Amino acid sequence: MIPLSWYLALSAALFSVGVYGVLARKNAVAILMSVELMLNAVNINLVAFWHYLTPTAVSGMAFALIVFAVAAAEAAVGLALIISIYRRRQTVVAEDVNLMKF
Amino acid sequence: MQESWIFIGVFLLIAGIFPATPIILQSVILGPKKSNPVKNSTYECGIETFGDTWVQFKVQYYIFTLVFVVFDVGMMFLFPFAVAYGQVPAFMLVAVVGFLGIICGGLIYVWRKGALRWV
Amino acid sequence: MEFLSNPIGVIRDWLAGLLSGFLPPDAVSLVLVILGALVVGALGLTTPLFLIWYERRLIGRMQDRVGPNRVGPEGLFQTVADALKLLSKEDITPIGADKIVYNLAPIMAVVSVLTMWAVIPLAVNIVGTDLNIGVLYIVSVGSLGTLAIMLGGWASNNKYALLGAFRTVAQLVCYEVPMILALIVPVLLASSVGVANPMSMQEVVAAQSGAWHEWFLFKAPIAFLIFFIASVAETGRAPFDLLEAESEIVAGFNIEYSGMKFGMFFVAEFLHAFTVGALVATLFLGGWSGPFVEQAPLLGVVYFILKAFAAYFLIILMRAALPRIRIDHMLDLNWKFLVPIMLAAIVAIAVTDKALPRATVGPLWNAVALFAANLVVAVIAVNWTSAAARQMRQADESRNPPGAAPAASADHGHDAPAPAASHAAH
Amino acid sequence: MTGLQITFLVVAAAILASAVLVVTARNLVHAALWLIATLFGMAILFVLLQAGFLAAVQVVVYIGAIAILIIFAIMLTRRVMQDTGPQTNSQWWLGGLLAAALLAAIAYTLFRVDQQGAFPLANVPIPDSSLAELGKALVSPDFYMIPLVVIGVLLAVGMVGSIAIARDEREKE
């Protein structure tokens, strides 16, 4: 029997790694990959709570599925934006995309 | 059910070991080892390779993959429904028909806009 | 007698009794699992040796030549000789290649196909393991194959390999959509028959074992056809072999591969083709079910292999008979023909089965109604497609009148399926 | 230590290691490959949690679809961003600090909550029919019928929107 807290600890660590990636990476695609890591960390939590606390309800699995759908839509739109920006400005470095800056 | 998954895990390992064995056998033991730079250069119709490997790709590839991702995720919602199909009352098909209709509407829209054309 | 009805179980019990003398019970079950996996894996990996010979002979016959007939009786050992030759080749890794990924890709290609055999039932009690999500498992390991090709093309450090990988992946992911859609139908029908766990392969077969009209081939011919076409496209063989069209471009993603690594891609392709046959047999042709199978379960293996080879024969026939499809037609056929029809077919099947359920009208009339629903969808689809194709032809002719330069078919209207689509419907 | 626990620890270590490599790898394609390794490890975790269906969905959706999409996007935007030079921005240490602080905060909370035994563990086995239950819930008006349709809208809009964004202006005629 694996304790629930192990899953939660793993998910917390994974989420923090993702946060670091989002804040520190230069490349916009890499930032998006870090966001995927964070979404996955959330998914582990959802499924772990479902397995340990409410195994007879379906909400855990349903929410995990919805997270999958959101992650797919997010990746699709995010990468499309990156490609569009790349085409206009020839760069995918997040720092260089600063049209809104004074 | 855990036994099934143990079998799958073991099978994945073994399915990796089986093809790896002849590859290692050939590259480490049986095959000759007389390499030279010409032999190891990349194959390009006989002329020297020029330029970067990273040629610019068409965005078309990305667009088709995009449509695929959306459908792929949509299908994952249909599998639980298909499993439960025998037990759901008929009127609940409305949800699935609506779901499929909306995604199909998206497909028809991008089709009409000409995004599904290979140019 | 017991051995004949349940050979695997008997061997299993015998081995368990033998091992439990000197091993703890957990280790015994693990050893049994490993042995089972070894047997299934070895069987899966040695079949291509036979399949390649079978296919070469058959293609030879269709092209009015003999095919390999020198090594061994009727050339049976030709493939073994080829494999030995590949083993004696030098291993070449191109400069600048990503070594680990480059070597991993062919292994992954084989793994993605071989692991499908873990859940394909050969008989009522002969199966690797009866996973409760078997059908989805097939889809998920199949998607690893796409990744293997992507990795192989990228790691070769060759622009043609990368380009070939891109084309291949584009085709594979596109055809995955109608394939998955078609896979939903057997699950749905099995669930309507009332098995406990409709996604397990064993129970999908059990749902079809009642009578001939229980076969999903008769209940959902459209799903069968589309699954068949999409799966053949997934294997990347003729007529969908434009990604490594031998006669036109040098090769596809595997241009840099040589020796056994190339051999592994080759093995994966042939095994994949036969696996498609096995999947078609399991999901639509009733798998191991057939007459007298309840008295002698071993007969199921014979039935299964016959059905799988019938489907495999059809795949080889397609390869020998059909010309290569063009890339824009390939994509049009998928997105503008197969996917919409499959979506319509799923809705039609689900609604018809609820309107005329087995419980009230009986299994036979339920099957007839489902067949009729499929027929209606097919007729409408073919009519619409041919009308659209006619319209397109007329638009083409009015733009470039006949007698002038032949119409450039590349600029067909985007609001109608390609002519290739209407071909495939017949 | 049971076999299950050992499996978990090994898989968790592999997941964390490859996740760290995702955010530190210099070569973007390598980062994507490590992401795939992470996602595969996650699928194994789902199996350990007896959610085999979600494990399969994880492989199909993440490895089969999203990872391919990411690799395509990397190839499409490859020219400018060479793999030389640092891959992190000037505030990477701040990001690291923030991530460490977040981890510490979550870990502390987790430790406190766990100590108080605030999680009411159910201790009942997962029913065999959970997948059928999920299917029923997804189409039933009392549960997730509206969310299902909303997901459909999300996916369709995401598809149309991202194609509109990604397409070349010249191709639109």
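Read from first to last, the chains carry the letters A, B, C and D; within each, the first residue is number 1.
Note that a contact is a pair of C-beta atoms (placed from the backbone, for glycine too) under 8 Å apart; a residue touches a chain by one contact, two chains touch by 3 or more.
All values reported here derive from a predicted model rather than from experimental measurement.
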C-D or B-C - the one linked by more C-beta pairs in contact: B-C
Chain B and chain D: spacing of chain centres that average the CA atoms, whole Å: 18
Length of the line joining the C-alpha centres of chain C and chain D, rounded to whole Å: 29
Whole-Å gap between the CA centroids of chain A and chain C: 33
Multi-chain contact sites of chain B, meaning residues that touch two or more partners: 1, 5, 54, 57, 59, 61-62, 65-70, 72-73, 76-77, 79-80, 82-85, 87, 93, 96, 100, 107, 114
Per-residue multi-chain contacts in chain C, two or more chains: 131-132, 136-137, 162, 166, 169, 173, 176, 197, 199
Residues of chain A engaged with two or more neighbouring chains: 65, 68-69, 72-73, 75-76, 79-80, 83, 87
Chain pairs in mutual contact under the definition given at the outset: A-B, A-D, B-C, B-D, C-D
In the complex, chain A residues that touch chain D: 1-2, 4-10, 12-27, 29-30, 32-34, 36-37, 40, 43-44, 47-48, 50-56, 58, 61-62, 64-66, 68-73, 75-77, 79-84, 86-87, 90-95
Residue ranges of chain C in contact with chain B within the complex: 29-30, 33-34, 36-38, 40-42, 44-45, 83, 86-96, 103, 106-107, 110-111, 114-115, 118, 128-132, 135-137, 156-160, 162-163, 166, 169-170, 173-174, 176-177, 180-181, 184-185, 187-188, 191-194, 197-199, 250, 255-256, 259-261, 263-264, 267, 327-328, 331-332, 335-336, 339-340, 343, 346-347, 350-351, 353-355, 414-415
Residue numbers on chain D that touch chain A, as the complex places them: 2, 4-5, 8, 12, 15-16, 19-20, 22-23, 28, 31-32, 35, 38-39, 42, 45-46, 48-51, 53-54, 57-58, 61-62, 65-66, 69-70, 73-74, 76-77, 79-81, 86-89, 91-92, 94-96, 98-100, 102-103, 106-107, 110, 114, 119-122, 124-127, 130, 133-134, 137-138, 143-144, 147, 151, 154-155, 158-159, 161-163, 165-166, 168
Of chain B, residues touching chain A in the complex: 59, 62, 66, 69-70, 72-73, 76-77, 80
Chain D partner contacts - residues on chain B that touch it in the complex: 1-2, 5, 9, 54, 56-57, 59, 61-63, 65-70, 72-74, 76-77, 79-85, 87-88, 92-93, 95-96, 98-103, 105-107, 109-110, 113-115, 119
